[in-house]
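Got some structures for you, see below.
After this come two complexes, each holding chain A, first together with chain B and then together with chain C.
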Partner chain A sequence: MTHAVQMIGITKLFGSVEALRDVDLTVQSGHIHAIVGENGAGKTTLMKVLYGAHQASEGQIKLNGEPVSFRDSKEAIAAGIGMVSQHYSIIPELTCLQNLVLGAEPGPVISYAAAESRANELAKQMGFQFNWHEEASEISPSQGQKLEILKLLWRNAKILILDEPTAMLAPDDADLLYAKLHELTEQGATVLVVTHRLPEVMEHCDEVTVLRGGKLIDSCPVSQTNPAELAEKMVGQAVTEHSPIPCNPGETLLAVRNLVVKGDKGNDAVKDASFELKSGELVGIAGVDGNGQRELFYALMGTRHSSGEIYLGNQNLTNASTAERIQAGIRLIAEDRHNEAVIEDWSIADNAILGLQRTNRVLAGRSINRNTQAELAKNVTETFPTKFDNVNQRFRDLSGGNQQKVVAARSLQESPQVVLAFQPTRGIDLYVAGLVYDGLIKATREGATVLVVSFDLDELMTYCDRILVMNHGEIAEVPAELRQDRSAIGRMMVGAE
Partner chain B sequence: MIDLTYLVAAISFGSLLTSTLTFSAPLILGALGGLCSERSGVINIGLEGKMLAAACATGYIAQASQNPILGLTAGIFVATLLAMLHWTLTQTYRIDHIISGMGINALCAGGTSLISKTFPELGSKQMAAFSIYVYWLCAWTAVIAIWWILKSTRGGLRLYAVGNDPDKSRQMGIKPGKVRLQALLGTGLLTGLAGALIVTNAGSFSDGMTSGRGYIALAALILGGWRPWPTLIAAVLFGLFDSLQLQLQGQPLFGQVIPGEFWQALPYLVTLIALAGIAGKSRAPAGLGKP
Partner chain C sequence: MSWKQILLALAGFGVVIGALIVAGAVPSDALQTVIQKALTTPAGWRDILRETTPLLLLGCSVFLALKAGLFNIGADGQFVVGAMASVAVALQNFGPLTIPLAIVVGTLAGGLWALPVGLIKAYRGGHEVITTIMLNNIAFFLSVFLVKGVLKDPESQSPTTAYIAEAAKLPNLVQNGPFRLNIALLFAIAVALALWWYLKRTVGGYELNATGANSKAAKFAGIQIEKVIVRSMTTSGAIAGLAGALQVLAYENRFYSGFSPGYGFDALGVALLAGGSPLALLGSGLLFGIIGKSTTVLSLTGVPKGLSFILLGILVIVFASFRYRKEPSHD
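And now, the complex of A and B:
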């Protein structure tokens, strides 16, 4: 058995910050090798070193036993390495075919007819179908993921690095993807998968390497480990299983009837959605990204026009402004933290009251009550353990994980009635993710209701009292007996059931 | 229906065609120069300055040397130099594209004015120049060439990619800085030709002689949705109304004598209306102004 990749003693410094310390990685040819670890563990950095996007400060890389060193990704691509990063590299304004060939064009003049026939061959080999002349902005995230993989094959990559490849896929699509990856490895390719989904590792991968805090913790065949052990190694302490607190739903708090919301392209992104959230429950919305979750949240916050009815208790919020909704107790953990949740150049203290500026205790006459602000600034940094210097420092200077903690904590201030949480644990590690959910659950037990959108089905299955599924703008409820049935929910997500 | 046939009767269609071609050619060249730049993501408000500087260089060098090749080369050289200055300022020093472009315009307006006032004797000699038809040919060939480059070459694809998303392009092993350098070389060449054409048409350089045509070229580019053929149509449309207004000067409208300024404003008015009406639907390169 040959070693497709050997990384020996890799250390990577960003300025004085050590992202990787003396990490070894050995990947056997023809295997699917998983790299697991929490956010900030150095998984992506290690892969970027292999891909030539970062240069190691120390250490050596060998491909099939031959020492190599890449000054940039171009050289790594030439050596047969391809990487699909977490943030897609597909350019929406180009067609699928243009995206496929970009950066690896067959010559100075491109024959798109010839390119298309090779593209079709590659697609057929993987069992994918593409309308190559469609603009990439039109394709679904899962099509995008498939296109990314074809891009690697177009470049004749023999070593494929996939960073969180299933983050945007429904479970069945994810299984299909791994099946195809297995076919590729049988033909001699080697696959490295960066993931945080342990069930996926157990089911589909051959070996697993665990990183924590930039250091190598363990590397072993998947058959010799189990999810609990992996989770413990990732976190560095035993992960306590979330034990569900029994839910005692009270009165209906938020009632949505026949809600229709237009999408960016003028289509109906949310179609005639009706659902009710009761006091005391945490309800999850499962679904593949782009099925109307975003538009639903915009409509509930009142930042996008919608038709239908929205009631909070007896209060009709259908035509209420966003300000009135916040005053009524609706809170948001926005999806796009930088653009929708905070003003990064403001201080933590100012961001702590951002959005809450019209609530009773914050507003003193026409000015801000500075005592309340100080109290809230203290609360938002203490609700979840946040690393910061002082509340007057710029929000921008917090790390991503700490920013998310503050945003999540802010939504729990000033007696929330309804918390709308869009991927509330994005960018934070497992331990803190657990704390955030505990915080949300605590709010529900105090009488609020929480609606969570997540693309991580396991997360929803762990924490939610009820699960709704959103598919092409339609909302359906997962029957109680299927709430722990991953594949049944997965089929509902893509409308197969 | 008010009878406007007398207006139509006032138009000489033969000369209308020639003057439309004459007026539109510098706009076509200038707009295509802008297309190269803006498709690569570099906002180029400095077309006017480049055209003016090229006109100045071509005019004076062609007079001094009595050599049309030297004159044209000087014009292209100066415009390219300015394009490279714009590249350095925006790409290396990350200066705001609009500010850099305005700076170049101011520099060129002041610089050429200084030269023409300091050396008034320069303008006295006859200027050696290529036939205007050479420039017409250049303008129309450039449309075909750029259309083909965008449609079916590696360079064209990379130009699109960099102009839409420089970061993602970088991930694909493309160097946005390099693509933009090449694009701005194209801008230099085309705006140089545009300036040379303007001065050739007039016979000698005069202060501020581009009179806003760089901006009109930019408007034609935006109106054409940053695509070569629609940009051509926009430039020709403007050229047509510019020729029309010359012929209609002094003609009464609905029995009233219309001030000449109204007719002069006509092409601008048409462009403005067309821009407001149509430009909303066109889509700018998504990466305009991004580092």
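And now, the complex of A and C:
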């Protein structure tokens, strides 16, 4: 058996920060090889070194036994390596076909007829179907993922690197994707998958490599390990299972009736949604990305117009402004941290009161109560273990995970009634993710209610008291007896039931 | 100060020397002229402070808009409109109310001139740079039309209004030989201090800063960004209008075709150079005042006036390229 990829003693420094330290990776040809680890473990960095996007500070790379050295991704692509990054590189304004050939055009003049016939061939080979002249903005996330894979095949990639390929897919689509990847490996391709979803690794991959803190922890065939062992190696300590805290729901806190919210394209992104959240419960919304979760949160926060009714207790918030909603106790952990949650050029202390600037304790006459601000700055950095120098430090200089912890902690300040949490644990490691959920649950047990959107079904099944499913803008509740039935919820997510 | 900044300062110095040589002047002579005629004489300082007044006020105007994320290219037009409205009032006799009324009307006129810019930006998404440039042209040609028409001094051959009455002029605070310090400069300093207080201390200022820094995040933080945009644009225009009123009442005492030598554009430099702090406007306003006066002095020795504009342009570009460079963000 040949080694498609050998990375030997890879060290990568960013300035003085060591992202990778003496990491070895051997991938056998024709295998699906998983790279697992927590955020910041160096998975993506290692893959980018292989892909030529980063240059290793030390170490050697061999492809099929031959030493190679890539100065940039172009050279890696020429050598048959392709990578799909976590954030898709599809340009929504171009057609699917234009996206497919982008960056690897056959010549200065593009013959779309010839391109289409080759595109069809590749799609047929994979069992995908595409309307090549459709604008890429029209296609679903799972179609997008398929298009990304076809882009690699278009470039004749033999070694495929996929970074979190199933993050945006429903369970069934994820299974389908792996089935296709297996077909590819049978035809001689080699696949590297960066993921944090262990069930996926166990079910679909041949080998697994665990990284932690930029170092290689272990590399072994999947058949010789188990999820608990992998989790322990990833985290570096035994992972305690979350033990559910009994939920005693109180009165209805947030009542939403017949909510209709328009999407960006003028369609009804949320269709006639009605649900109630009770004091004392953590409710999750499961669903594939793009099924109206975003628009629902915008409407609840009052940043997008909606029709229907929204009540907090007996206070009618239907036509309330965002400021009035915050005043009433609604808090948001926004989806898009950079653009919606913080001002990165500001200090931690100034961001600590963003959104809370007109709440009772913060506002003193016309100015801001500096004592309250100092107290909040302390709270938002100490609620969860956050690495920072001082609260006057620029927010931008925090790492992504630490930024997310501050944003999550801020939503729990000044007696929240309803916390709307959009992927609250995005970018933070398993251990702290647990703490964040514990923090949210604690808030509910003190009388608040929390609504969580996550694309990670396992996470929702672990922590939520109830689960709602959102599919094409419609909201349905998962019956109590199915709350631990992964595949049943998965079917509801795609409307199969 | 890092070695980079020192190098930059030296390079800047080199550019100035080089420019002087190209202009046909001996650098040491030029420097001597500036020191002797501008920086060490009471008359020189009179002119520097006079020049500083509109530059500081218009700097405040541009600075405020900039903090709200708006590039007010229209300060010049608002300045002209303010001056014109103010002179129209000051030419009448309202007794002791003449000065206050002329100031208020000039300020309001500047604000009103900027109001549509704010409205169009906030509710229709029209870019403020385009609308303010258009309004600058309208303001300029409107002023020409008026000083050739209804506002024209019948006694004069050229397109100008009559001079305002002695009682309508803002008094000098200090008058010592050729030196003058008009009360208008105190107005300007007061506005800069008020701006500092508003932006750094009040919740309104906090929200204005948030809107300018990240309007989407501001929206999610419950800030009504449309209102903030309209309010800051209008206030920015009002400050520019105030500058126009003071220019009439304190220094020019009349309005004429070509009233502004482009103060509104120099003010962009004043505001950019001040960087983050409104208090720094006091320094950058004075610096631009000194450069303005130095240019006038140098032009007497044959160095073309355009040189100072080149110098200011380079200064602003270099400064902006350092201050507004893009930084990577974490994920």
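FYI, the second predicted complex is superposed on the first by the 497 of 497 C-alpha atoms of A that agree within 3 Å, B and C clash if a C-alpha of one lies under 4 Å from a C-alpha of the other, contacts with A are read in each partner's own complex, and residues count from 1 in each chain.
Here is the rule we go by: contacts are C-beta pairs under 8 Å (C-beta built on N, C-alpha and C of every residue); 3 or more make two chains touch, one makes a residue touch a chain.
Fair warning: this is a prediction, and the values are worked out from it, not measured in the lab.
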Inset, instruction - Check chain A with both chain B and chain C modelled on it and let me know: fit or clash. - result: fit
Legend entry - Per-residue contact with chain A, leading partner among chain C and chain B: C
Inset, instruction - Based on the superposed arrangement, let me know which partner A:A170 touches: chain B (first), chain C (second), both, or neither? - result: neither
Inset, instruction - Applying the touch criterion given at the start, work out whether A:I368 contacts chain B, chain C, both or neither, answering first, second, both or neither. - result: second
Legend entry - For chain A as apex, the angle formed with chain B and chain C - C-alpha centres, to the nearest 10 degrees: 40
Inset, instruction - May I ask you to decide whether A:Q403 touches chain B, chain C, both, or neither, giving the answer as first, second, both or neither? - result: second
Inset, instruction - In the overlay, answer first, second, both or neither for which of chain B and chain C A:L317 touches. - result: neither
Inset, instruction - Considering only the touch criterion stated at the top, classify A:L94 as touching first (chain B), second (chain C), both, or neither. - result: first
Inset, instruction - Name the contact category of A:L253: first (chain B only), second (chain C only), both, or neither. - result: neither
Legend entry - Touching partner for A:V109 - first (chain B), second (chain C), both, neither: first
Inset, instruction - Could you say whether A:H338 touches chain B, chain C, both of them, or neither, answering first, second, both or neither? - result: second
Legend entry - Overlay on shared chain A, then closest C-alpha pair between chain B and chain C (Å): 7
Legend entry - Footprint overlap on chain A, where chain B in one structure and chain C in the other make contact: none
Legend entry - Complex interface listing, chain A residues touching chain C: 301, 303, 321-327, 332, 334, 338-346, 350, 353-355, 357-358, 363, 366-368, 396, 398-400, 403, 427
Inset, instruction - Going by the contact rule at the top, pick out the chain C residues touching chain A in the complex. - result: 201-204, 206-207, 210, 213-214, 216-217, 219-224, 327, 329-331
Legend entry - Residue numbers on chain B that touch chain A, as the complex places them: 152-155, 157-158, 160-161, 164-165, 168-169, 171-174, 283, 285-286
Legend entry - List of chain A residues in touch with chain B within their complex: 53, 72-74, 77, 85, 88-94, 98, 101-105, 107-112
